[in-house]
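Below, subunit A partners subunit B and then partners subunit C, in two separate complexes.
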Partner chain A sequence: MREIVRVNMATGAISKEPLPAAWARYGGRALTSALVFKEVPADADPLGPDNKLIIAPGLLGGTAAPNGGRISIGAKSPLTGGIKESNSGGTAAHALGKMGIAAIIIEGVPADKTVSYVLRLFPDGMIDLVARHDLKGLGTYETVAVAKGIEAAEHRFSDKASFITIGPTGEMGMKSAGIAMTDPHGYPNRFAGRGGLGAVMGSKGLKLIAIFEEGLKGTEHADKEAFTAAVRKFANALTTHAVTGTALPTYGTNVLANIINEAGGYPTRNFSSGQFEGVEGISGETMREITLERGGNVKHGCHTGCVIQCSRYYVDKDGHYMTKGPEYESAWSLGANCGISDMDTVAALDRKCGDIGIDTIEAGVMLGVYMASGKIAFGDGPAALAALDEIGKGTELGKILGDGAEATGLAFGVKNIPVVKHQGLPAYDPRPIQGIGVTYATSTMGADHTAGYTITSNVLAVGGTVDPLKPEGQAALSQGLQIATAMLDSLGFCIFVAFAVLDMPEAFEAIHEMAAAHTGEAWDADALMQLGKETLTYERLFNEHAGFTNADDRLPKFFLEEKLAPHDVVFTVTDEELDSVYAFVPEVAAQLGIK
Partner chain B sequence: MPDPTVTVRMFGALHTLRKERGLSTVADVVIPVEGLTATDLAELLDLPLDLIEGVFCNRTVYPMRHHIAPGDRVAFVPKGTPGPHRFFLGLYAAGKEEGEG
Partner chain C sequence: MKVDVVLFAYLATFQPDGRGGRHSRTFDLEEGTTIADVIAMIGLPDEPRVVFVNSRHAPEDQVLREGDRLAIFPPVAGG
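Coming up: the complex of A and B.
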């Protein structure tokens, strides 16, 4: 039986309770969203005592399910004012899964704001909360280094430890602050970045969560043999498919840069053009060449059990680790969106964001807006780094910039601020790629690229026929994508498994076979999609209670009015179509008995 | 008489392949005035067809049977583009149609 761990930061009390039977199928995003819906008042102050930070491994966390080690973190978002789930790789999910922990709920706020707390979970089931004065204000890398030193001195640390931490921006309550997770090499370079969750963790006085997993065994399965067979089937699909078997491991996600640029949908200089003349310098192909030349690592998994291995390390000219090889979204936001075409500059910005603990997408969108204000010039890497320094130090200017793109745009009078539900748009312009515009507009998360990936056959039928420049069919496609993504996020799968599942029916079967063999319950394709729908229903209803209406499911006006070169198109999906995306919510809410 | 050349870009594995051959990843290719299919153009450049999923012609994705005309801007996309763009851009459909046309 999986358990929920409840930590009250006001009293220091830690308790365990069984996961409610009704939620036996929930993990990851389904669980964080169901818990936020049930336990957080929709009108709560996101940084106040009533908000709760929920951390949940996916349903298959702690098992050998290939690519099944994502961790979800949820709360009411200080950036969007709505519900937030942000998920990440790193080693923490499997560690928690092996401990039988379905979720950790961090609630309340401590009376003494000067102390940083560390929550420690040990393999024997012991959990404690300790006060530390030496971690306050440290960057994520230094926090982990200091923590490792302390734990080593107390003989608690071994390499088998996972850390979840925030940088100074989270402690200062900045709305672009994320939460960092350590990877298998102990670098805190995997992020639950979006929505300001780092500020929620900071408001709880919680600087670090340390999970020690030495000696822990994998979780038990209802049918071990069937689980092993399904794992084999799934791994085989992932390693033989063109996307997951070859392209992603070779170039990483940034292989998209040239492709999206060619499609005219690569937002450049604060979304003022759809193509960037300097794309070659920040492309996945260039990043691979530079990294190989300097002797860096170009292929590893962000957690054990990843068979795709899209991660890489970016190293400096002397071959020293700088940061995780920037993902497509980060290379875009800190590159093209700022008019910067030099990979070393992008990597330096990425490292700085990681260290001070802010979301690279929000940071790049913010910098684009700041540059559009004329305060610093597009293409000026040193000025962009200096701006991030201001954020890390928490200066007056830094506090504005650290609250993200919208706060920056409003403070400096910028006309075109690319946000939905107050969150910066990611790396695809919705004008020439209309489908992603539907997802941006309607996502329960605010503008979010990962809210809409896919696998199902009904989605494929639609996916085969839509024209990216036209509105027809986009709402249905986006709906299918959002449901499927919510499902994968709930099981704990990395989103990239979707591409193999798409072309190989046996891979989709393997997912419900793994779920069934692990839990002992009946799972099929419909049950998987129902999980996605239920997750979105909790999220949609929470947002409604928080005051969101259909009017919030809209793109900023300039996407509808200003044509984007080179296709010279505007976003044309109608409001009625946007409003159809969540048509399933009332029916699923009735099934769940919630309003 | 239109310019008989097309500019061709090559991405991902095709990018690497061209570099390994000591060639530029952007090529100006002279084609017949009546044009040719993307498949023929890829063969002209000695690109392995089994690595290609679709072709951009003037920034829109098409299957490999698409007709390329002089003056077009062309880019070959290898199999393996991740993300929802596989659907939103029509790459998935282009890859599926390949062989039918």
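Coming up: the complex of A and C.
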């Protein structure tokens, strides 16, 4: 029986309770969203005592499910004002799964704001909350280094420890603050970046969560033999598909830079062009060449159980670790969107974002908006780095910039602010790639590419093809992918498994076979889709209660009015089609008995 | 006619000059040459790929025209 751990930051009380039977199929995003829906008032102040930070491994967390070690962090978002599930790699999900923990709920706020708290979970089931005075204001890397030193001195630390932490921006309550997780090598470089959840953790006075898993066994399965067979089938699909077996492990996610640029959908200089003349300098191919030349690592998993291995480390000219190999989104946001074409500059910006603890997407979109204001120039890397320093120090300017793209655009009078539900748009322009525009507009998360990654069919010819330049078929494509993604996020899978799943029926079968063999309950294709729909229903209803209407499911006007080169197109999916994406909600809400 | 050809990721090594790299090379082709003809000429492996002509997806039986930019990718994805 999985358990929920509840930590009250006002009283210091820690308790355990069984996971409600009605939620036996939930993990990851389904669980964080169901809990936020049930326990957080929709009108709660995101940084006040009524908001809750919820951390959940997927349903298959702690098992050997390939690429099943992702973690979901949920709360009401200070950035969007709606529900948020931010998803990350790292090692924590696996550790929590092995402990039999379905979710950790962090609630309340402490009276003493000068203290930083550390929540520790030990292999024997003991959990404690320790007050510390030496972690305040530290960057994520230093926080983890200090924590390792303390735990080593107390003989508790081993390589089998996972850390979840925030930087100074989270402590200061900035809306672009994320939450960092340590990766399999102990670097705090994997992020639940989006939606300002670092600020929620900071509002709770919680600086660090340390999870010690040494000696823990893997979770047990209802049918071990069937589980092992399904694992083998799934791993085989992931390692043989051309994308998950070859392109991703070789070049990383940034292999996308050239193809999205070629398709004319690579947002450049605050979404003013669809192609960047400097793409070569920041492409995945170039990053691989530089890293190999300097002796860096170009292939490893970002989370426990990963067989795709698309992560890498970026090293400086002397071969020293700087940061993770900037992901496609980060290389774009801190590169093309700022008119910057130098990989070392992008890596320095990525490292700074990671250390002060802000979302690289929101940071790059913010910098693009700031550059559009004329305060600093497009292409000026040192000025961009200085702007991030202001954020880390919490200066008057830094507090504006640290609240993200919209806050910055409003403060400096910028006309084109690329946000939906107050969250910055990721690395695909919705004019020449219309399907992703549907996802940006309608996702419960605000502008989020991962919520329904239509780039698959729109550009990459994975899972069929849908012409990216035309409005036809985009709403249905986005809806299907949003449901499937919510399901994968709930089971704890990396969404990149979808590239294989969309093309290989046996990979999809393997998912419900793993779920059935692990839980001993009946799972099939319909049950998987139902899980996705239920997850989205909680989210959609929470957002409705928080005051969102269909009018919030729209792109900023300039995407409908200003043509984008080279295709000279605007976004043309109709409002009616956008409003059709969540048509399933009333029926599923009735099944769940919620309103 | 002149057509610019660009090959990305691990296909870059198939450029006829053997120098790799993602910069375009100008091919001198006969009128009526299709994308499939170019693919056969440079000897790309018989695997799935994504093809663009002038930034639009193009079927491999499409006839190329003077001044076209032909870009070929292996299956890639990320995000």
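Please note the rule applied: the second predicted complex is superposed on the first by the 582 of 595 C-alpha atoms of A that agree within 3 Å, B and C clash if a C-alpha of one lies under 4 Å from a C-alpha of the other, contacts with A are read in each partner's own complex, and residues count from 1 in each chain.
In the analysis below, a contact is a pair of C-beta atoms (placed from the backbone, for glycine too) under 8 Å apart; a residue touches a chain by one contact, two chains touch by 3 or more.
Worth saying up front: this structure is predicted, and the values here are computed from it rather than measured.
Once the complexes are laid over each other on subunit A, subunit B and subunit C cannot both fit and instead clash.
When the shared chain is aligned, subunit B and subunit C each come close enough to touch A:A242. By the touch criterion defined above, A:G281 reaches neither subunit B nor subunit C.
By the touch criterion stated above, A:P418 is placed in contact with neither subunit B nor subunit C.
Of the two partner chains placed by the overlay, neither subunit B nor subunit C lies in contact with A:G409. In the superposition on chain A, A:N254 makes contact with subunit C only, while subunit B stays out of contact range.
Of the two partner chains placed by superposition, only subunit C is touched by A:E329; subunit B is not.
In the superposed model, A:G81 makes contact with neither subunit B nor subunit C.
When the shared chain is aligned, no partner comes close enough to touch A:G178: not subunit B, not subunit C.
On subunit A, the surface patch touched by subunit B in one complex and by subunit C in the other comprises residues 242-243, 246-248, 250-251, 253, 255-256, 258-259, 262-264, 284-285, 328, 449, 453, 459-460, 462, 465, 467, 469, 496, 499, 566-567.
Listed in rising order, the residues of subunit B touching subunit A in the complex are 9, 11-13, 15-16, 19, 25, 53, 56, 59-61, 75, 77-90, 92-93, 96.
Subunit C meets subunit A in the complex at residues 6, 8-10, 12, 22-23, 47-48, 50, 52, 55-57, 71, 73-79.
If you check the complex, the residues on subunit A that touch subunit B are 242-243, 246-248, 250-251, 253, 255-256, 258-260, 262-265, 284-285, 288-289, 328, 428, 432-436, 439, 449, 452-454, 459-460, 462-469, 477, 481, 496, 499, 502, 566-567. By the touch criterion given at the top, residues 242-243, 246-248, 250-256, 258-259, 262-264, 275, 280, 283-285, 310, 327-329, 449-450, 453, 455-456, 459-462, 465, 467, 469, 495-496, 499, 566-567 of subunit A touch subunit C in their complex.
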